[in-house]
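Input: structures, listed below.
Here come two complexes built around chain A, the first alongside chain B, the second alongside chain C.
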Partner chain A sequence: MMTLPTRYRPESAHGFLQNPTDGAQWRSEALAQLKARGIPSPKLERWRYTNLAGFEKANAVPAQKPELSFNPITLPWMVQNSRKLVFANGYLVFGDARLTLGGHLLEVPYDADPMEKFNDGMLWALNTAFMQDGPYLNLHEDATIEIIHVGLGHDHPQLASPRTVIEIAAGLNATIIEQYIADGAGVVHTNAALEIEVAANANLKHIRIQDEGYTRTILSSTHARIARGATYEHSFLNIGGALSRQEFWMELLEEGAHAAVKGAQLVTGRQHMDTTVLIEHAAANCTSNQTIRNVLAGDAVGVFQGKIHVHKIAQKTDGYQLCNTVMLSDRASMNTKPELEIYADDVKCSHGNTVGALDDAPLFYLRSRGIPEAEARRMMLTAFIGDLFDALDDNIKDALNKRVAQWLDHGIV
Partner chain B sequence: MVATSDTIKQVQMMSGTYTAGFTTDIDMELAPMGLNEDIIRLISKKKEEPQWLLDWRLKAYRHWLTMPEPDWAKLKIAPIDYQAAHYYAAPKNKVAPKSLDEVDPKLLETYEKLGIPLKEREILAGVAVDAVFDSVSVATTFKAKLEEVGVIFCPISEAVRRCPDLVKKYLGSVVPQADNKHACLNSAVFTDGSFVYIPPGVRCPMELSTYFRINTAKTGQFERTLIICDKGAYVSYLEGCTAPMRDENQMHAAVVELVAHEDAEIKYSTVQNWYPGDENGVGGIYNFVTKRGLCEGARSRISWTQVETGSAITWKYPSCILKGDGSQGEFYSVAVTNGHQQADTGTKMIHLGKNTKSRIIAKTISAGKSDSTYRGMVKIMPKASGARNFTQCDSLLIGDQCGAHTVPYIESRNASAALEHEATTSKINEDQLFYCQQRGLNEEEAVALIVNGFCREVLQHLPMEFAVEAQKLVGISLEGSVG
Partner chain C sequence: MLEIKNLHAAIDGKDILKGIDLVVPKGQVHAIMGPNGSGKSTLSYVLAGREEYEITDGTITLNDKDFTAMAPEERAAAGMFLAFQYPIEIPGVQTTTFLKTSVNAIRKQNGQPEMDALTFLKTLKAKAEKLGVSDEMLKRPLNVGFSGGEKKRMEILQMAMLEPSFAVLDETDSGLDIDALKIVSEGVNALRGPDRSFLVITHYQRLLDYIVPDVVHVLAGGRIIKTGGPELAKELESTGYADVIEAA
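After this line comes the complex of A and B, so read on.
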């Protein structure tokens, strides 16, 4: 068992963030693990469609705390009376320090590297070795929290390693909105790690917009543990990054738990975008839902790998997964791997996957009604993304749909 | 519903589990145990092969030594001792038989037990059979009648002598030697198999068939099948396999290559019933098979149908390379695992030509403590405009000790291609089970009936004689899985 700090408890006396170069043992252990195994390569099954060679070659240095050149109030906040945090290159620059890892004393971990299990936990180790700060949201009352991660570009590539820990106490309702946005032209890559714990009957809505710079590598690993009767619903909109990959590992640990991932990947130019999901049904009577929509233009490459793993004990599981892709360009490519691994017999699991161009028939219909082709295509794509964000609060839904509309406007159609 | 009532009768009749598990006592000529270049030279000499083929084999062997075991499948395979087997085993019996009358009656008896129509019954069944016993082809029936229309159907070792140009041209053209470790081993040590050539415009007048049987202990079977269908020709080919019960793991590493030219159609059906090992998972056949078809010409068509009920481990991915414009590939599969069996099977459809179409229907049934995986790839290359694919994978789990997995890879590099994939996993419907039992079927019969209904879409693509056998097999394979 590695003793990397993957799960924290604030009550310990051992602090690590006061001195990021403290040479703490877990940091050097993570670094040693990273050195031994390197950055994941397409030789690993879970990485067969995404190649980090460019990221590795960039030789980024750990990011330093930057100077802010704008007023955080001007950032695209979505909810008026939410609690707000701004991190720049992984460091807190705006908001309540008590809501961050840096504001707490942290203990030595109790859990092994969660990504160890898949033999490709290098990014988690990379985050552990270089993490600076990040949100620590240990919630005991209902709350809406907005976090904006700003990537401030640099001449020499830097690497931001924000670590997020979210713990929702039993029975609470919480909404957490995360945005990753770019500032400045230079390069700062991001390798985020998130640990989420949803206690019994709690309800967490997690929204993530990744709208980073088109020259950057944006990586994230999210590990969620969901208890009895609790729900964790993740909605995402991925637009930015030259190369981006988000990994989810959701564990449904007790009966009645529910997990959902819904989101869109909008990919254009020479972008490469990867969403990899693993949902583990480790208890009976749990449900999960994955709905992914991809729109690919230009020379873009899209990847979706989704897996539902049903343990022997997880009878009465209901697992669903759907991935639809529209290809707007002949040079784009889409790779999907929807996987089912099932060991219980009384389950209902299904997945569906489609890849294709926009349908000619409705396009023709709209044009025959006098709608110009570009407008007609736009309407169809808007409808295609359509209902993904319907279940969210109006102001969040509107903000997401507006961002989709902007993307469609910018010469995509 | 004649066929289904037949199934029930069959299930009732068969009280034992594996019915093809007898051995035939025949004098065998064995090569020394182990594998090295001398063994390969010996095989080549026994087969009276030309120098080029020996060189080809040796090249494969040398490459094989450097290759790693494929480890990506979801299978637990004990390390294989390649030196602990005989790579050549032939019934010791004079020179090649000229007619069926000269074939060792004991051998014929064996095939009689298996129910292959080798003699007069062949006329009724209208099936031409090439039977492969361990390493050599024992008899090929109906040769004369086939030759009338110009069809060449003979053991591959004979084809090497009769039509060396064809063999030289096509051998290894679809499955290269270095494709994977098992195919490479086959290239080095293949002992026999069938060769089929259908000349342009000929519709093969009957179903061609091969029956494989591993009989001798400590042998492997490495057969190689090569089917070439020239312009506008058609052939339907059937393949069946059995082996005696033994407590060791025997290896079956076959290679099948299909080539379909313009407007040609090849239909390849397999009923695989190798010995699956006993109830504790001891023994059984390792079935590591590389099957691939090349739709070379425009509008050509290749269709794979397989019923996989046997083998301790099945590692098999019959694939189609859709090179010709408008060519079509099909894959219909039923995989049944029970006891401690493991199956990792599926297909690859590589779309290269314009307007190519593929269709995949895979049904997986897991029972007992078995694990079965569908692993398939659909790949649309940039030039395959207008390509279409439809994939459907359904899994059925019987009992809570087994696993059923689906691992599809879908890669599209052309915007005008349309791909659809759907997969479901479920258990046997309680209502259906109750209804059947209420009508007087016992639980086992009811399960067999429901499972046959679940597989129907695939079984109906099998030629008539095989469809009946396959239905019975599905029922028998699931014995002891309920209750």
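After this line comes the complex of A and C, so read on.
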């Protein structure tokens, strides 16, 4: 089998896929992979609950660089003194997306095959085949960076394929906030790929809000490699997309590394939303945490697949996974699949999963205190999302919680 | 004044209350005693409007308002309060926030302006202090990690904040040691007044030493089978329910 190009890096400090020839070899090899294997079908185990047939039929064409019809200053930025970047349909339209170039940071060899790790990773191949542009953040000093991806709708469906590379040098503290938002009618689908490396003892907080309206297909693959004593904490709030799937592949490569993925999927109407996680404990004394909360209304479908893979060498692993779901409608459905694959003998791994309606007892208790039913429900759902974002800086946490509150007030169909 | 006429109620198709007639005039405290399974807790839930219970016949009116088909929040706004036998833990909802939401929800339904934050906090602090509810408890999620006694004091604090015209105390004494019982009873007695009435539901006479009722009713098999003065409670304590039930 042909090896898919995996670890893309810009070829010069001056251009990230700005010339048609940049990354040409990557694209052509990925395209060959795509042609050979096609879009994943529900026959594949990890694609059982999410069907991309509709996306394939939409026959989207690679997105063109659009004209921006608004001032980037008016976008919903969260942090006053952050470095700000705006991408429209995958193309840089505001800010400097190439923040220092310091070469590769991690010495751990890269030998895994994303085709396998990313669940027959055609999304990865699809992104590589059509990637146009994206942030290359090679950080050598502490920073807070905000990236807003605007999907500008188009008459004929387009496909935006932003490619993000984030490298955090040893010992740094960085925060990266990504927002995916929609603008205008029409359709632009998104298939993002992110390559992240966190070097020894660095700490990366990565926040992603996916709020791209209700008509589009929103796909993403995030690959994080985490070195000795380093921390990668991913917090997400997913609201948008007719169909969405986000995949994570997090590798704990050296001792003392920590990975977390914490977030909420708020799903309503006829939306389909999927979060699929693979955490690999490839070294001893590493910890991981998956905390997922879902609220499903209407005819919505939710999916969470979370796998912890503990390699033989990874003694003293502490892996945690919890997925809680509240169903607001009996027409909605939730599919959850926890998986533990453990080859070491001295590990602590736990997983838990609950699915249910809002409890009657607390609802009645609140109503008996004069709180109207709708408000009592809202209070309970707010409490259910609760502490997910508590570890984040106040302005980020407040922005996320505010968006949750807006959804609870208006989003439930 | 609370008036219950020929009240029949069922849950999951099973009849629990089988024709209750009860009048509690303004300013009075009535006690309902009875053995387990007699329908005491059902009566308290039906009064507060829990939807799992179906009223199959009869009516409930409070201060001339027909409660029979009202939602729980509307009943609360119209002056009904239920102190729960088992107060519910609500993780993620801070106690103070809950109390403020509750107070203002009732004010809003009654066409009153919201209580401003400062007045609310002052009022809360004064009332909490009397009931031995600490600032730390008010900061915690509602009832989460509270002891049995703390939960019951929190119920009485809610009652003190909401100032209902009619309060049902459902086995408020259960799970309380003697000191907690005194604090809770003092809290209730402080709220007694000419415009407020109480229905005190209890299994034991002990509570009625502290909250002295005007009238005592015995509930058995979903009906009130005997009514008397405070001395009836003492009689029950010495003879047990069996004799009274048999005599009825």
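Convention: the second predicted complex is superposed on the first by the 372 of 413 C-alpha atoms of A that agree within 3 Å, B and C clash if a C-alpha of one lies under 4 Å from a C-alpha of the other, contacts with A are read in each partner's own complex, and residues count from 1 in each chain.
Basically, a contact is a pair of C-beta atoms (placed from the backbone, for glycine too) under 8 Å apart; a residue touches a chain by one contact, two chains touch by 3 or more.
All values reported here derive from a predicted model rather than from experimental measurement.
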Exercise for the section: Mind working out whether A:Gly356 is in touch with chain B, chain C, both or neither, as first, second, both or neither? Expected result: first
Exercise for the section: Going by the touch definition up top, name the partner, chain B or chain C, that contacts more of chain A. Expected result: B
Practice task
Look at A:Thr231 in the shared chain and tell me whether it touches chain B only, chain C only, both, or neither; answer first, second, both or neither.
Solution key: neither
Exercise for the section: State whether A:Thr276 touches chain B only (first), chain C only (second), both chains, or neither. Expected result: neither
Practice task
Identify the partner contact of A:Thr217: answer first if only chain B is touched, second if only chain C is, both if each is, neither if none is.
Solution key: neither
Fill in the blank from the handout: Where chain B and chain C land on the same part of chain A: residues none
Problem - Touch list for chain A against partner chain B, complex - result: 45, 312, 315, 325, 327-357
Handout entry: In the complex with chain A, residue positions of chain C that touch it
Key = 48-52, 71-73, 75-77, 81-82, 84, 87-93, 98, 101-102, 105-106, 109, 141, 158, 162
Completion exercise
Listed in rising order, the residues of chain A that touch chain C in the complex are 360-362, 364-373, 375-376, 379-380, 382-384, 386-387
Fill in the blank from the handout: Touching chain A in the complex, chain B uses residues 72, 382, 395, 397-427
